[in-house]
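Same chain, two partners: subunit A is paired with subunit B first, then with subunit C.
For the complex of A and B:
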């Protein structure tokens, strides 16, 4: 799906298992938390989770606006 | 370490007054067995036991696990350690095996992650459990709203208790055949067979949580770092399935007990290679865990000086990433690998088979395409709930039609694409 959308629009793939995303050929990759809960962490409080979610979304939006010339993992 | 499997061949089941085995007939005191599994307050009042024999027009659905009845008659520990027995180390002494018999646990747990066993017809060719004399436990929770983790644990324990009970009741019977296995300690293994390559077995276990769990001596394997286990411990039930995941390629407790990779590697030990050890590893849900476990497992292999490893996967999708990391990390440490997996290549077989790959993975054995569609004609008797075919992974709304025919992907059939290779189906390239 990432690759099909990218024919028309730039895409950020937020995913847990980065190597699969790299193999599939996504260009902008943002590592997520865990497979059952990529955008959250049920071991944290709702307030802490909101911070985690916001951080991930903002990182993804920043990645979307970043010019790249090769497959890039936005890890930090 | 030496283990003898004292096999009693079972080719018929019957209900009777006293549980025991004679002339190949396993007689089961149904009330005593039901009383045993009913002790668990988590299980309901309407439990039942039924029998299914090879060739019967019987469909069992939804199937959770299959377990081979075994009981230790000599040596330390007892079968299924940390589960229904104490935690002492197993793998030595004498273990009685009711060969040809199996306990099948059936009941709605996660629903889409249970499976189908047909005892005859075309579906029977795809499941090894059509060839066993099955004691089927039909289970239900005491409270319909029970937490699924609790209900899974109750079903798992019921199956293990029943398997241990059946074999324990036959402990006085004489074996039809004794198979002896020996496996040296690491010091001996290092000096034995100096001309042969040192080979290990990297045994990947499904441990994603959310009811995708496997246990080693009762320990939830997602919580371990990879560790070394003797192949003989596995035969005594050191590894037990608690897995609710696609039926075709979850490793039942039965295939752990009868792991054909271990069996073949023991057979070829000292002839073609030196089978040094098994390394057990997990398949967890964070990238850090996957990286840590694959690095640690391959580090153990390198510390042992292995020249090569057979690696088996359990499940599909993200575990493919674990498989691939294990492969390239081992190869880059100078350890050759052969991979055993299955494929999800779409119903037409044209899609990408695995979610991940690497150039080092150039020796790979497949157990088949789980998306292949099969039509299962109606059976005279259904043990369980036929309509579950509409929700099982590999099925869809409308898989079951009114005459009882079921159309599903092989994914829905228990053990059909076993990634331990426990199947009688194969293919040759001409």
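For the complex of A and C:
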């Protein structure tokens, strides 16, 4: 899906298993938190979780605003 | 003396549990467990499965380096002659774990390794160069076909017998080239192939070109304040009750859902249709897979112009590549027509 979308629109893939995303061929990749909750952490309070989620979304938006020439993993 | 083999399986095949147990840490048990019984039968007296490693699929996929290092240490005391993993069929995380373990064991212990997977399993693309992977059907219904082929190949490797072509042995091509003598010159063979091609007759190339299916990156979003952002997910998020009946695995469709006025995905309104991960968290608060709440906050703050009023979702669990391709192509056309300028695609 990510590649077909990339043919026409900039897309960031936020996903947990980065090697699979790389193999599939996503270009902008942001590593997520965990498989059953990529944008959350159930060990935290709902408020803390939302802060974590916000940071991850900010990172995704930053990736979309970053000019790249090849597959890039936006870690840390 | 029989050859000593270690078998790797996931928590499901070990009978520990399904997705709710997918984060169990690795353990090693003496003898055969689960599908090891069938493998043992296929090997016969020449091979003894001395121990079975069991690891949760999510644990492995989320901690690949750590998990594989732990498992290599667990295996060493058994002094194995070979390692066999799976078969994983079309289970993505399981295939990744089987392939990852085969690669680690082969590199660190230098012993033969074999696994079994469906060709579209992501573990194949990742690890086919590192291990012999027998091509299997896409579900466990193919166990009876997969097991004897895996056992036969591993036994050949253990005995140091020379292997035939991938088609003859049933494994997925590894890209290894071997020198071979022909009676006919290359020029003659080449012309024969060309003539066959012109006539529309079948022919087999001697050197397959690699297929690079890559899409060049789109230019970056210049002005986020003007951007219309859309959400797409393979994590199966849908209105509660899954009105479109998106399949829990091998999805044949995707859903388009209107989120006009939706500020937050709650347990009463949204859930996941995905059958390949523990749904506890997504069913409680689907924002952990599709971050609508945070995007609404940012929309209000003017970080970007607008969150698109529709999101698209399917279940990425054993889904055929051809289906995923079609979903993506259809979805992006709709997004472009609706004036969307950038996409966040989330995957579990």
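The rule is simple: the second predicted complex is superposed on the first by the 76 of 76 C-alpha atoms of A that agree within 3 Å, B and C clash if a C-alpha of one lies under 4 Å from a C-alpha of the other, contacts with A are read in each partner's own complex, and residues count from 1 in each chain.
As a convention for this text, contacts are C-beta pairs under 8 Å (C-beta built on N, C-alpha and C of every residue); 3 or more make two chains touch, one makes a residue touch a chain.
Keep in mind the model is a prediction, meaning the values are calculated, not measured.
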Fit or clash - subunit C, subunit B, common subunit A: clash
First, second, both or neither for A:3, with subunit B first and subunit C second: second
Partner chain in contact with A:40 - subunit B first, subunit C second, else both or neither: second
Which of subunit B and subunit C A:69 touches, first, second, both or neither: second
Subunit A residues touched - subunit C or subunit B, whichever exceeds: C
Contacts of A:31 with subunit B and subunit C, given as first, second, both or neither: first
On subunit A, the residue positions that both subunit B and subunit C contact, one per complex: 16-17, 19-20, 23-24, 34-36
Residues of subunit A touching subunit C in the complex: 1-17, 19-21, 23-28, 32, 34-40, 42, 46, 49-50, 53-54, 56-57, 60-61, 64-71
Parts of subunit A lying in touch with subunit B, wherever the complex brings them together: 16-20, 23-24, 31, 33-36
Contact footprint of subunit A on subunit B as seen in their complex: 208-210, 285-287, 290, 318, 320-321, 324-325, 355-357
Subunit A-facing residues of subunit C, complex: 19, 22, 58, 61-62, 64, 92-93, 96, 122, 125-126, 213-222, 224, 227, 229, 232, 234-235, 277-282, 285, 287-291, 293-295, 297-298, 303-304, 314, 316, 324-325, 327-329, 331-333, 335-336, 340-348
